[in-house]
């Protein structure tokens, strides 16, 4: 999947524009203005210091273009590519003040999105050969959800819900408020639109049959032991999609996948991924 | 420092409001609407699953208040407090649909800011007894810089520049564009306002004297060996503030502090801090 | 379903605020300012001139409250109620200048939403006793989709997709671009997330089997004759949800419902509903 | 009048941009992304299914251009033209994903504005040869007033006030609040700026002389019988502009015009015009 | 006219909010945070250092309230009042950090608006007893037009057009583009709405008859000598409203008024008024 | 310093865009639309009526470009240039309606910024040959601070703080709230970041020693007599930067500069500068 297609500039540009405004403040880039001639040009390369998966090159391109519309920005890699440490990702030629003024915003977005894609790819690699897919959660950075879920796709993962609005997920707190998760599914089934899927979360094996009886599309097994997951798969895999959730790490994900669950959701993909270390090297 | 004073609602509210809009989309919280009565109330506790430092309770309060102005939100802990695993941070009573609709936004912000404060506190603890202070960088999440730098303060760290606009920092790429870092400092000295400090980055010890000659307020030692740092301190500590930067980790920070540098900047505080795991427990 | 629960002020307020700004311009309400004393109060009733279904009282309340926070606004009817011609819907007491300044914005939103709810209820009444549900489309007014789809629910209808983002619907133009609708469904099945439903549109009966073979969740029968609809129901109703679409009117909807389709989508609910005539009567 | 001149992109673009954001949500157009290659191109024609008057082609052009700046969009008709059923209005060539992603937003705006222009033109045709002009009201869709009043002009109608700010209109509710409409006119006359016209609404013939005595620029005859309108024209037409208002329909408008009134305002032009059915046909 | 009635908070608040954001940046008020306890309270008085006319107290009230909703703000004077040097205008009690953080924004708006009202009142006083009214222009500060034209009213002046949208004014450049000012008036008369007034600018006496023949509502005499103004009044005052414009100062305005013109427009009211010096004194 | 470098379009464009929206309202430029053909072109020159210093040509360029992207705009002068009365500043060729629609916004910004630059240059000229620099304050127009401080630089002045966020300035009111200015400096010194300078304001000579003892970077002498200023310079000039403030005028500034202070801040530069009279002349 290419970045341009999956992530229209219409979505990315307001985020980059706001990030530049946040960094420039009222006085602007007083360093570049003080020490670099107004018409100096600079050529530089965005290069990764570590190996990882690329995501978000459009952010870097737009950061520079918004400060210098005459800049040229050439992708060397593409979103979704695996890049080796030291690899150039893009080459840019621009007004020197503009390029250095945009550098940090470009990197803040690019490093974060590549970090998410890279961590996702590591989880995906762990479960290779099993039937399980790695999916994300709504535990994203406020304001950046569209970008972060795009980065998950670049890393080979799939997306869970994008928000409260596009699917139903009945969790333990809903159960507290409505008399149990099974009852919540029943109510949802009665009122839900025909284009909306329903998922229910259970945290004990003995809830499985009751909830299954209400025919949700997906059941989330929250913090199940491996044994209980296997048993849930045995009982229910032909009747419902099963999602494992809770405390998934690179160390545990393969064993989880081997229980036969369909989906493994990993909040850390977006809430705790370390950045990929990328720099801008003047040439 | 209390949260209310350090972080006015005027700054936090637009961020929380946008985050709620991002999560609610056009259809809103279809799960709560489907399975919870419109007038149900819910009492719940924000409780941390792991020990850490608190930051950002105002985000959680505002998330709930924006969906239910009649909600009551009572802080049990305060921003800056160290909290043990299992500790309640705040207690909330609200319309059930509103509370569950706000839950993820509240947690996404709170977990992230507590994560930053917690990691900052760990670095601060490592350097206890040395003269070094832990400081942040501009490697923050676009849109959240004000909050993230606040979280660093909650964790006991101090803030570096807030943007390109409030201080001068001449880095290697500026040197490339203007004929060397020392020359950049000289130019900056000529044009800079009287309220602006000047910092210069060097990456080799042999640059020190030239740059010192231009009288910057701070010199950043980028990726120096411990030996070179010690030598830089020996030569320059009485003439300039010295900041160590580059690849600082919990494993290395104490040795760096013991070289005698004044400041140690850690990008990971904001770009790679894992979240603090906090949940909302219905009671 | 009550309005407050289904339509949070967080969503409605920015729309009302922008509508007031649009109507007030820079000079504000020069009529009220010219001829009404600054501290005059006025009591008035929002009353419907024709019978219909109520939707959007929150819009009227917020329009007044944004110009006069001290106003009192008391609902006499509730969203979703059927109201007879002449019935009062709400009673308001406010600063006279503020109330008359807000009147047109309040009515523009309220009349439109009640118009949609009323037309929806008429369609719903026509299909009473059949198994068919009346649903809306994405043919909504730009900027008001959340409100208009809420009004459809107030009128007893259900919601189709809210946007391009929350479900897949493969239409004829997609077929042109990807080699046929059936092929589109297959591709969608391969890449779609687990929380997303897939619908395919066909406009001839002979497309049915091919598309069914790709197992979409819903098939839309676009502009089918009644005979072809009945045949499609006979062949496919136990395998897929069937939606009738195209040129549905109050005159034709019952016959369509009696073919046995599950859903009937009506663009006119939102793109061509006449307003419900409501006025503000000073008392 | 050409569209480009009457409706600058500066005004239209933010509306189209917001409409695209509303339709795309966070996930974007998941259908096109799933089933159409990223680099596919598509040529299509905006064609009207019914005869009507064109208004708002700029909306369609901008919707496509905002998702694909490389698109070509060629007007076949112009705003203000009468188009026959089946006639092409514009031809577009663009990235296929972008074009299908923009289609509904383009049509939602174009169909609505053409619907308003078409209904306006029908009213204008009914009064041909009389001295009466058809004018709109402030009963417009919140957020779209500038566009809708433009569409009225495209249909041959004229514009009444654009807002509360640009002219004075003293209605019955103002009379209640200030001791009568005539008194309201007197007060307005005292305080109004020299660039502002004053209109007064009366709903009974016996109010005419009192109000005339205060010399408003226009008097609105609200819900007058034809006989009373004729009498009002006889008494006042040489002293004031007369506007007929209230319950005007295509069936009644000619008789109203023949009473000799100068203006006939029709709320339905903007609050209840059915859309003009336009489609996008891939070629 | 009271401020509250003429200037709704709905209009003022976004301006004040943006001004606070501009002044606070990301770091906020680092001075108050550094040296004042978080819970300290402060009582202070907004007092004028010079005599003048009050306008814009709502700006000061909102600036404080947005940083401290618990603040109390008591008007001592009212908008439109003449205040002597040293007079208190308002008394405020608030959180000390909030009050000092809001001080500059409150004063920047209040001093500017009082400055405009004061200068307006000086012009109005000069023409007392003549029939001329002092009016403003569109030469206002971008973003503040609604506030500045309100301040003109507080000073006893009247408002000219609020924008390009609410009245027609044909100036010399329009004449260049359309074949003369008289021809412009004729065209405007043909197309203009019934609620719109038409003004024409002439800069030589010999243009008067031609333009008068097209029956504009107002004629602007631009940079006329006093003799030519008197002659224009003699020829045209009973047929049209006459506005004098161009280079009007406090030294020349009375002589202009005595020529018999109806209106004198003064750009300096808004583009060059010195502020009224007001301070915030802690008590 | 060139305008393009010091003031990125990213900063200027939103201000110009909002100013155009403010002036155009919903109806747009009804004058040009009424009397000028839609495709007419116009060539014109921005020319100054009085001599002064140029600042803000980008504002004029963007105002025209936003209404007519095909316009050509050629700078004849550059920001920072001294221009003689009658001199052309820029030449523009554009659609006539667009150019006349943009004229007032272009001039409102350009005249204001040139006015500030011109007044600044007058102060700078007065102190020529002394060691004092002319600096601005935070007494700027809300919403325009970035532009106005840029204009000060164009006039040869330097910038004081840009906001509450980028430097510490402890004033008399802070002293009231925290037990004296000297104590405020001490507290600030303890908590301030390493990149932040500290200034303290004193209004009596006898405060000097106490405050000096806390080692602020700058001391502001507020409303000192010339004799006291000289004494302060004698005592402190080798230990601290000294800023004179309060009631500075063109008549007094040279004597102040000759006391030996380093900086003289002048609020009038931005709060009370008369505009530079510039016009747009069609050619």
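Going in written order, the chains are labelled A, B, C, D, E and F, and every chain counts its residues from 1.
Going forward, a contact is a pair of C-beta atoms (placed from the backbone, for glycine too) under 8 Å apart; a residue touches a chain by one contact, two chains touch by 3 or more.
For clarity, every value in this text was computed on a predicted model and none was experimentally measured.
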Contact-graph distance - origin chain A, target chain D: 1
Each chain counted as touching chain A and chain E at once: B, C, D, F
Maximum centroid distance from chain D, chain identifier (CA atoms): B
Interface composition of copies chain A and chain F: same or different, split at half: different
Cα-superposition angle relating the copies chain F and chain E, to nearest 5°: 180
Pair from A-B, A-F or A-E with over half of its contact pairs in common with A-D: A-F
Longest centre-to-centre distance from chain E, chain (CA-based): A
Approximate Å spacing (C-alpha centroids) for the pair chain D, chain E: 33
Centroid distance [mean C-alpha coordinates] between chain E and chain C, Å: 44
Euclidean distance of C-alpha centroids - chain B vs chain D, Å: 51
Multi-chain contact residues (two or more partners), chain F: 22, 24-28, 33, 101, 145, 159, 162-163, 165-167, 196
Arrangement of touching chains [line / ring / star / complete / other]: complete
Of chain A, residues touching chain F in the complex: 17, 20-21, 24-28, 33, 38-39, 66-67, 97-98, 101
Touch list for chain D against partner chain E, complex: 133, 135, 158-162, 165-167, 193-197, 199, 217-218, 241, 243, 262-263
Contact footprint of chain A on chain B as seen in their complex: 15-16, 18-19, 22-37, 40, 42, 44, 96, 100-101, 103-105, 107-109, 111-112, 115, 138-145, 162-170, 172-174, 176-178, 183-185, 187-188, 190-192, 196, 268, 271-275, 280, 282
Residues of chain D defined as touching chain F within the complex: 1-2, 4-8, 10-11, 145-146, 149, 159, 162-163, 165-166
Complex interface listing, chain A residues touching chain E: 22, 25-26
